[in-house]
Amino acid sequence: MLARICNYAHRREFSSVWRSVSQHAGQRLDLGGIYPPIATPFTQKGSVDYQSLDENLRKYGSIPFRGLVVQGSNGEYPYLTTEERIDVVRRVRAALPTSKLVMAGSGCESTRATIQMSESMASAGADCVLVVTPCFYHGRMNSSALIHHYTQVADSSPIPIVLYNVPANTFLDLPVDAIIQLSQHPNIVGIKDSGGDITRISLIVYKTRSQDFQVLAGSAGFLMAAYSVGAVGGVCALANVLGQQVCELAQLCTSGQWDKAKELQYRLIEPNLAVTRKFGIPALKQAMEWFGYKGGVCRSPLLPLSEVELENLQADFSSNGWL
Amino acid sequence: MLARICNYAHRREFSSVWRSVSQHAGQRLDLGGIYPPIATPFTQKGSVDYQSLDENLRKYGSIPFRGLVVQGSNGEYPYLTTEERIDVVRRVRAALPTSKLVMAGSGCESTRATIQMSESMASAGADCVLVVTPCFYHGRMNSSALIHHYTQVADSSPIPIVLYNVPANTFLDLPVDAIIQLSQHPNIVGIKDSGGDITRISLIVYKTRSQDFQVLAGSAGFLMAAYSVGAVGGVCALANVLGQQVCELAQLCTSGQWDKAKELQYRLIEPNLAVTRKFGIPALKQAMEWFGYKGGVCRSPLLPLSEVELENLQADFSSNGWL
Amino acid sequence: MLARICNYAHRREFSSVWRSVSQHAGQRLDLGGIYPPIATPFTQKGSVDYQSLDENLRKYGSIPFRGLVVQGSNGEYPYLTTEERIDVVRRVRAALPTSKLVMAGSGCESTRATIQMSESMASAGADCVLVVTPCFYHGRMNSSALIHHYTQVADSSPIPIVLYNVPANTFLDLPVDAIIQLSQHPNIVGIKDSGGDITRISLIVYKTRSQDFQVLAGSAGFLMAAYSVGAVGGVCALANVLGQQVCELAQLCTSGQWDKAKELQYRLIEPNLAVTRKFGIPALKQAMEWFGYKGGVCRSPLLPLSEVELENLQADFSSNGWL
Amino acid sequence: MLARICNYAHRREFSSVWRSVSQHAGQRLDLGGIYPPIATPFTQKGSVDYQSLDENLRKYGSIPFRGLVVQGSNGEYPYLTTEERIDVVRRVRAALPTSKLVMAGSGCESTRATIQMSESMASAGADCVLVVTPCFYHGRMNSSALIHHYTQVADSSPIPIVLYNVPANTFLDLPVDAIIQLSQHPNIVGIKDSGGDITRISLIVYKTRSQDFQVLAGSAGFLMAAYSVGAVGGVCALANVLGQQVCELAQLCTSGQWDKAKELQYRLIEPNLAVTRKFGIPALKQAMEWFGYKGGVCRSPLLPLSEVELENLQADFSSNGWL
């Protein structure tokens, strides 16, 4: 990891000439593999529960993840203060072997805040930052605005950036033409796409492949399909719960065992939907408890699951043989 | 084909006991393969141009399609009279060798009209009918209503039915729970899903696999991904234009040549988007002309492409090496 | 009414010069007032129940409606055959005094079918036709296509046409610029707008007011607000049930008694939502029964209300003092 | 205003018994009137430009506004730091006569941050806070979660709170049943609804009227219609530009001069759309410059208008007689 950091620190000195520097394959940070976008445990009083976080990190250490995403949507980052966001990243970095990447969410609505947060994340030890599309003024967030935003952030970030498209939360799809243009920036190394539109994912892989641009599936529900069309990994909420199984699915895909992969993929779809679109983070944290992790409560206004939701959640795991 | 028809005619006698009859694998109509949802050519005066239709059918005859879909969305069926819809099916059946399936669109808004149209299509020689979700009163089109609708149609149809989910036109997604229940009906043999949600397609395959229920991708854009998760074929607008290539992609998938498949898949995405979501049927018909088919004009209110759209369409084919 | 028909029959002779004919205020068909978009009663076997229809018409005769809309969305027109659509209009015309307008829905997906249906409706005695936006290929239904469609229909229709915008069913909003241009056609006399966007309705009134173009609110829920910004009437599902009250609301608005109007408007909102967006036509027909009309069943796939829905519907009427 | 503050400070002591305290009409903060949701001027370097802000405030002082909204969506609050948000409110309070209300946006995604921000806004001199619906995890933001959120905020806020529904930015509509329940909280005095659904606005007025709950229209486009159904004022982006005219419209409505109001309302629709939905804050700030205010640039990623947009914006003002 040191090498990676030096590499980019070095690049940073020449930030003004980044655009003209020719890129050699291999220079870029290798993102390939599985990442859980980790949940943030809270104490009953609502503070960040660092002890529980450490316990989870210890367990994640034994799973062949490529790294962890800290402050993705599943980390409740919109509910954390700036300080908490940075502290959690620092804590994760400290707990993790250097062979594991720390990808830290640094996206804010304004360009200036995103720049500042990216620098803070780098200082806290992140290997790269995951930058969600700004979306509040979505009517004005066209290709030009988004290209401008990401270029400014990438120009100034001391560590590589990964684009983050999550329309279920932002109601915005980063246009493919913008992605193609941004893929040429030497400090933009990939995208996490959570939309699940496999045609779009295929097109992104295809149109950026001269750039060594890396595509990560944003969910375990379409992980195998994404691998089949050229994605190199996934950031999967479900990996917080069934991390070993998600890594196994990835391994089956990269080794070309598609039939076995398919069988495993099938059984992950319903549990994955349950902890994401269907019931969200409260379900993710509940399922973590069932599988030996510290999930706990969410910050308000996220409420705990109702009884009916809880039963439904359990059924989605048990009917697929996981509980 | 005679065997197939007899098989189902036989079943029909026992229509009241269909539900209790145990199904044997292999009994069902085998849908596996590629189908172009054929366009309907019109004369300058706006009548159905049967001569041009015959020319197209002759050319399609040399391509290894599993069959043709007649009166899918690309056939402008909402612009045809009831008589025209049936006549076109009769004409296609007459022109096609019996080894090729004729899948005829018979969906109408009301259950009674759909039942009647399905019977007419059977009489006109269709092997099976493709039944789009009714959608005008979409607020009431919940699982119960749709299960009721499809069950009534399937109970009375002399030929097997294929469910048809096309949210881009209907703004409705046939719920997965409804599909699972309907898959148990002996006269419902599969679904064409055009939505492109690969997670949903995977789940449908998985949850219906005890029923020998067959899933067809509704577009060439996600054909390979659909095969990878268990679909058995595709109904692809682009197959009207690049039929040989779409069949080749299918063949690469079924023979497990995923890497080659991926390379071909990539090059079909933009042409496919161009003749579907981006520019619709006027573009499909224009592209057909470029590739030696009779496309011609659409019925009003579908207007021809603008100059800019035309250039854009051409670029989507040429930049991928097809023109 | 004879005068009206003659007037337009006369115009029709000069159909080719319509565009250049200057319009005098007053020449146009006066649409001002309230219309129930009548429900179509069916027998238990599913045929059109003309006897029940006649009973309803007799009762509607005593209410100061401007006329009736036949084959609006509430008439289940997508579930009727072409012949049924025309027969029902003929029956209504025969039952109604000539002082009441018959506005007949004639919209189809294709321009040619809409032209033919408009002629049939004129022959069946309709005073004007209500033409819904075609929508199946909604991606291509831009201003140009819609202007082209409506102009062709208006050019050939023997009776005036009223535009019909109902995005809840069509997922399409007829663009304001298209409406402005179409308002200049001498045979297009107004619009029924069911979307409920009061800003849009205001803008339509404002931008078309040099054309004597008449705007009708498409729902009782925003009837008073629509009158306040310049609408001249309403086509209101609720008028099938509470016809006298909706007419009273209109009268309070046209006579400037806004405070009284407001009090009455309030009490109509929930019953109106219940028989439209919330529970649809099955609820409308059920409520008709409670108020002495013949509602009966819907055609499949529209199912009857569940017990819970029924209670909820009743509460929406009783809590507002109507039951 | 002192009286108001004391009143609520007093109430706060009894926060635990708020629910049981009977409310007397007149006790609540009177919100009736027009508010511009003020823009935040920035220097070329991107800092808050307090000098320009002061100039604007001086000019607004001569317009009969009920008060100003600070940190509404038009204030680019998602692009301000916590400190900037509070400082701007303090500055506005200092510049404004005490007869004018300062309504300060304090909404954050988490309940705890919203509570803290509301306290900071009160300390900075705000008379009440405007609390936008949290929305990032919109799939979980049901009535229960939103009622819980707002109740916690209202329980602890030293100043009254106004609910803020702005679906164009949040893709969420605060459910009417939640509003009805929240209207019973003594510290929740009203709602700003920017959705423009006049049926919904009518229903909110009607169902909360036993609570002295006040409804403000969130846009000048439907201001007159909102008054006609019982709203008591408006928070209108256009009031930053045409403040006098928006106030005049409000005065015509409250004095029952509906015909004059209608004529003025018409001419405000297009300029209003132009500075909101069509072109957003960059257009608002540009128009402010034309009318003698300091608008200036937006923070990134909001880009300036293109040439075409600029011309279009100008036309929307000039064609309505304002430029």
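Per-chain numbering from 1; labels A, B, C and D assigned in written order.
Following the convention adopted for this analysis, contacts are C-beta pairs under 8 Å (C-beta built on N, C-alpha and C of every residue); 3 or more make two chains touch, one makes a residue touch a chain.
Just so it is clear, the structure is predicted and the values come from calculations on it, not from any experiment.
The chain with its Cα centre farthest from the Cα centre of subunit C is A. Here the spacing of subunit A and subunit C, counted between their Cα centres, is 51 Å. Averaging C-alpha coordinates per chain places the centre of subunit A 35 Å away from that of subunit D. If you draw each protein chain as a dot and join the dots that touch, you get one closed loop, with every dot joined to exactly two others.
Interface residues of subunit D facing subunit C in the complex, by the touch rule stated above, are 196-199, 202-203, 205-206, 219, 221-222, 224-225, 228-230, 256, 258, 262, 265-266, 269-270, 273.
Considering their complex, residues 46, 73, 78-79, 81, 109-113, 134, 136-141, 144-146, 148-149, 152, 168-169, 171, 277, 279-282, 299-303 of subunit A touch subunit D.
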